[in-house]
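Same chain, two partners: chain A is paired with chain B first, then with chain C.
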Partner chain A sequence: MVSGTFVEVAPPLRAREAGVVPASRESWWTRARRIAPPYLYLTPAVVLLVVWTYQPLAQTFVLSLHSWNLVPGTPMEEVGIANYERLLGTPELGRSVWRTVVVILGMLPFTVVIPVLVALLTRRVRGRAQGVYRALVFAPMLVAPVAGAAVWQWLLDPSAGAVNRVLGTDVNWLNTTGTAQLSIIVITGWHVAGFAVLVVTAGLTGINPDYAAAAQVDGASRSQVTRWITLPLLSPTLAFLVLMTVLLSAQWTFPLIDTLTQGGPVGSTTNIYYLLWEYGFRHHDAGLAAAAGVLFFAGFIVVAALLTRLAERLSHHDD
Partner chain B sequence: MSRIQLQGITRRFGPVTAVDDVWLDIADGEFLVLLGPSGCGKSTLLRLIAGLLPPTEGRLWLDDTDLTHVPPQQRDLAMVFQSYALYPHLSVARNIGFPLRARKWPRAEIRAKVAEVAATLGLTALLDRKPKELSGGQRQRVALGRALVRDPGAFLLDEPLSNLDAKLRTGTRAEIAELHRSLGTTMVYVTHDQVEAMTMATRIALLDEGRLAQLGTPSEVYDRPASVFAATFLGSPAMNILDATVRSADGSLAAHGKGIELSLGIDAVLPDRPVRLGVRPEHLTFAPAGGRGIHAVVTAVENLGSEEVVQCLAGEGRIAVRGPRPLGVSAGDAVTLTARPEHLHLFDSASGRRLTWQPESVPASV
Partner chain C sequence: MTRSLLAAGAAAALMLTGSACGLGSTGTGSEGSVSRVPELAPDQEVSIVFESYNFGQAGAWTDTFNELIAAFEKEHPNITVTAQKPQGNSANPATDTISSLQSQLTAGSPPDVVQLGFSDLDFTINELKALPLDDLVGRDAVQANFDGARHPYAPSARTLGDWEGKTYGVPFVFSTPMLYVNKKLFTEAGLDPEQPPTTWAEVRDAAQAIDRRTGKDGVYVDCLTKTAKDWCFQALVRSHGGTVISDDRTRLTFAEKPSIDVVRFMRDMVREGIMPNRTQTQAVESFARGDLGMILESSAIQGMFLQGAGDAWELGAAAMPSFEGKQAVPTNSGAALFVFAQDPAKQRAAWELIKFLTSERAYTTIATKIGYLPLRTGLVEDPGGLESWAADNPYLAPNLAQLEHLEPWVSMPGPSYLQIRDGMMQAVENAVFQGAGPAEALRSAQQEASALLPGGER
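Up next is the complex of A and B:
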């Protein structure tokens, strides 16, 4: 009789047990060479940002604590937070903030609603016509605001202007308190709508067409596809446009206000930036203007942070 | 009832003809597999059926309705996309319920139906998740659920298994086949995978550069390939194709070539004719050296676990032989290979179309 025993098959040998050590750690020099390049590439941009953005910002803050009339050679006088107290005490500040809110609300149709409609419709235009159409929509963006303002001033002229003739009205658009603000909003809207259309179009192209195709096969009508699929998936783009509008509307209107109404009539088009500009360069009160600048900067940071949070919460990302 | 008929369907994209004059009659309850290599127009054909693309030419019928110009919403077809196209902003439950919501079902009924479908697909625990929180296999099930939630006239599936790993693919393949058996609904299934086609189809429509290369049951397509393309597309390793000449000797036909002499088992006298000779790897056997057959030299032996594939060189042609392991040969061996006449396929040397033998009806002389 043969006797024997079962022997377990040994697992594969691991190198470490055999006394072979894994590759040594890299030296600090190769490590530095591996990690440094991105920072080196970023340095020029950071330097420019510091010189042109953060340093002036710091100087503005310093200036807001002084009293100065902008005349070179006259001494700056340190006044503590007096400028801020003065600023918050003026009734003009509240009014200009409210007018800014009105401008922002008035701009939203031009930066969000109309662009979405136009972009959705132009999607159905095919071939070369699509390019031509987009160019036409985008063209106003390329007109310098001041040049545009001159043309609009002429169009809105109370006696001979084309607008009154077409509408059959007799309105002094830029010199009446209600219509002046409206005119500024419409002209600014005309300027930026083309850009917004471009942004929305880019957002639409970024959506995988399979979703709309699937929805159609699932039985959704064209308007259901738009409401249930396209618009929700476009929400990051829309959030971006809203954010842009809130943060930049007051800046976009500035050249128009300066050329067309100079903040009037009776201050009805004076928004926060125009107010700041008036303090600084009309009243030569650099400290007050700087205080306003610092305040608006802080305010917009808060608004931007809140809006970004909200957008993150509400928008759907296609991955 | 849903019989889908394609009559001369053609689709061009500029200079590219993606689908070229396809005629198909898909019977009610059939599992038709559209098979072909990548870029042969399978997805385009499926999108044409779904109505997502208008055909350049041709007509499409569902039973007695001309669907050619009917928008996809009204076609009553359900489609599973290769990318699954799950709506990323909607939960699994809302994804599956989407077709019902579009049909304006009451909320409570949608919820009940979704729960039912989710239960059959094992998705109940995932109903509140978003698609990006799902694995590939789970996404595939949700896509399937979205198609199953209503009772469509036919299912269109575009490579539904191509994004799954091998094991999951085998399991899901069986499930889809089972689903087809239990529902009895017409399915048009696109794949480039011959195993899926062979195992699931009631009929295979093989596409080559937008044209229908062959239409038939899996065994017909495998056993009697209509062209060199069909012969080499199905089967693994692919059918061996060798250049040869059909020659008659002693009153019977044989295929001759460089180091090749194989009897065709046909008694006839014909002038010589150049052909392409096809024989599947599993139909080749090793014969005693020096006899009639294909004389070749073994270049490599591949181990598939249960079987072996022997790669050989015969003249300038490569030949693969497949058989149970071990086949008992090794690289460098000189071998002689034979095959039974009924396992030899002949194709026209110019067109690549299959040649069949048609005995002439000899006038009764006795």
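Up next is the complex of A and C:
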């Protein structure tokens, strides 16, 4: 086979000199030149992807099989799967996974329910006011999380804070195990709701108004149109929002947790990413943090796959 | 399909083999004794980097340190000092010191002189390999610096940066836990503001009175949360006759009766409603605003309290209270200066900088401008030194008096020292403020942390 290709090389060369190149008989060089451009165009992107994403991913995996405290002078010690065993043995892991689930469930109203309501309502506002409303709803997204956190910290202050004064309570919201998580969810929700509204609004704009008009001609009421036409056609957008919430909630909350509670009080706001960060960069336990990273990566791949499949099945497409 | 899978597998295998290098080293490298560094030649130019968390704190701290560095460069025209704050973005730059140093060590270019806390001592010396000053410049030179030109270091402060008889760090700044009181609230509650409580039972009574008669919060003990670290929790436990770790550093002892009793006493004050559930920042701000009767706090925060008090209320200070019938044992917080320079010339220049920063002259500047305790305690009686400043500063006397009973802040051992410390403090916080049972919380934390000790099951 191999020698056969070599034999075939010569005639096309002569054929090219003659100016006739049969498609199946071109030289390897010409063929390479014909096929190469798309790959050449892709190369920079692929190289960057490998250098910045897959190489670190592989390194993380290697690191997760070692015990190392991030000190360059100390040798990395190979420990096999001991890090995974230790990780799965800590009660803290189970607790942080549960807290992450709570955060995700708590975020859904802010990323799905409220945005849909707001988007549907702002649609009824006409003219310039509509833009103003949308801008107002979107504005919190533009506030830097850390700056927003500082303001919320004042609002939630136990002795001088506005929240306690309005509610007439005496709660230290961010430093009580029962309320700290709730506060983080509400603040994160306040922060990302505007973005979700934007996504839903875009989804609504993509729905052909003819359907609603046709239904109204048939005598459908406004709520019937919303229930039976708008919402089903919006389902791909909603599925996207749910997917985003599940995959990104833990990341959205990170800067707020880091500024407001540092995972406390007594670990009650430590979700999986904060736990990973504590292992790696507070306790300098690189192996354990890497093991956690690999585990969460795998876990989120599974969750993402399940959710995409579920979304495919449930979504209603306007084909 | 199979082919692309195979290709992906091969690529992954390639990357795995390639990625193993570049992380960590295989040799131990810096082990062994360090040779003596020569003096600098008169015309030898050296530049060194000094990393201190004080440069991350705006205002008095940064200004004073810049002033000192400028004075040093004037005295040593051939040495250029670049001052930097630790990398990181914590609200309190002092918490970034170790991770910053670690990442710079990883990159191969550590700062030459670094200011690190005493809680990190074991890790700094045994894992990060700070250089032994006794080997670098000779024990005589190190001791001569402690003796000083006129005023020696306080005896209890001299050995705080030592490890197994060798000096690695020169103690630089430190503070002790003090009981600060709001004199105005004391008067309103019918208490004598000139007689602050001296025992914890008196603290509780005073706090009850303040709570009942003024409606403000009674007391906050800033030693009971993870954020507060463990320095003054250690002081409380030792004042009650206990320890948090055995003397030979092989066994954790923070779940024994003395610490459980301390935690129980503090928890009871929270339950009674005379100690509010606050974070460290909230408590400090609340006291500065005048909403809190007493606070047990590091003397390094005093400037902020004085500023907060202004004309609205008057600040009073007393030594750390004792438990009935026992001697109070304060511990020190604070930091020492360590050398990480690789090059002999930089090592010598680093020592020159340390000598300058711990000189009588530097301490005079640091004490007057920042309020840190001068470790050369004789300075406060020196008319040419700090005598007039001490006379104007009524908060200094109890602080200096505490040095007599001072015991060092014990760092936790091994590479997982922070996990051990955090685990302990989280249990204390959980019991005092979040309603967990003191004995159970401390015992389970001690059990978890014991596995992290060197020679534990890890």
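Going forward, the second predicted complex is superposed on the first by the 277 of 319 C-alpha atoms of A that agree within 3 Å, B and C clash if a C-alpha of one lies under 4 Å from a C-alpha of the other, contacts with A are read in each partner's own complex, and residues count from 1 in each chain.
One rule holds in what follows: a contact is a pair of C-beta atoms (placed from the backbone, for glycine too) under 8 Å apart; a residue touches a chain by one contact, two chains touch by 3 or more.
None of the values given here were measured: they were computed from a predicted structure.
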| item | value |
| --- | --- |
| Which of chain B and chain C A:V217 touches, first, second, both or neither | first |
| First (chain B), second (chain C), both or neither touched by A:P232 | first |
| Chain B versus chain C as contact partner of A:Q130, first or second or both or neither | neither |
| Touched partner set for A:N208, first chain B, second chain C, both or neither | first |
| Which partner, chain B or chain C, touches more chain A residues | C |
| A:T177 touches, of chain B and chain C: first, second, both or neither? | second |
| Chain A contact footprint on chain B (complex, rising order) | 47, 50-52, 71-73, 75, 77-79, 81, 83, 85, 87-89, 98-99, 101-103, 132, 146, 150, 156 |
| In the complex with chain A, residue positions of chain C that touch it | 11-12, 15-16, 18-20, 22-30, 91, 98-99, 102-103, 105-106, 108, 127-129, 217, 225-227, 276-279, 282, 286, 289, 291, 415-416, 418-419, 422, 426, 429-430, 433-434, 436, 458 |
| Chain B partner contacts - residues on chain A that touch it in the complex | 208, 210-211, 213-221, 224, 228-229, 232-233, 235, 316-319 |
| Interfacial residue positions of chain A with respect to chain C in the complex | 50, 54-55, 58-59, 61-63, 66, 68-76, 86, 157-160, 172, 174-177, 259, 262, 264-267, 281-285 |
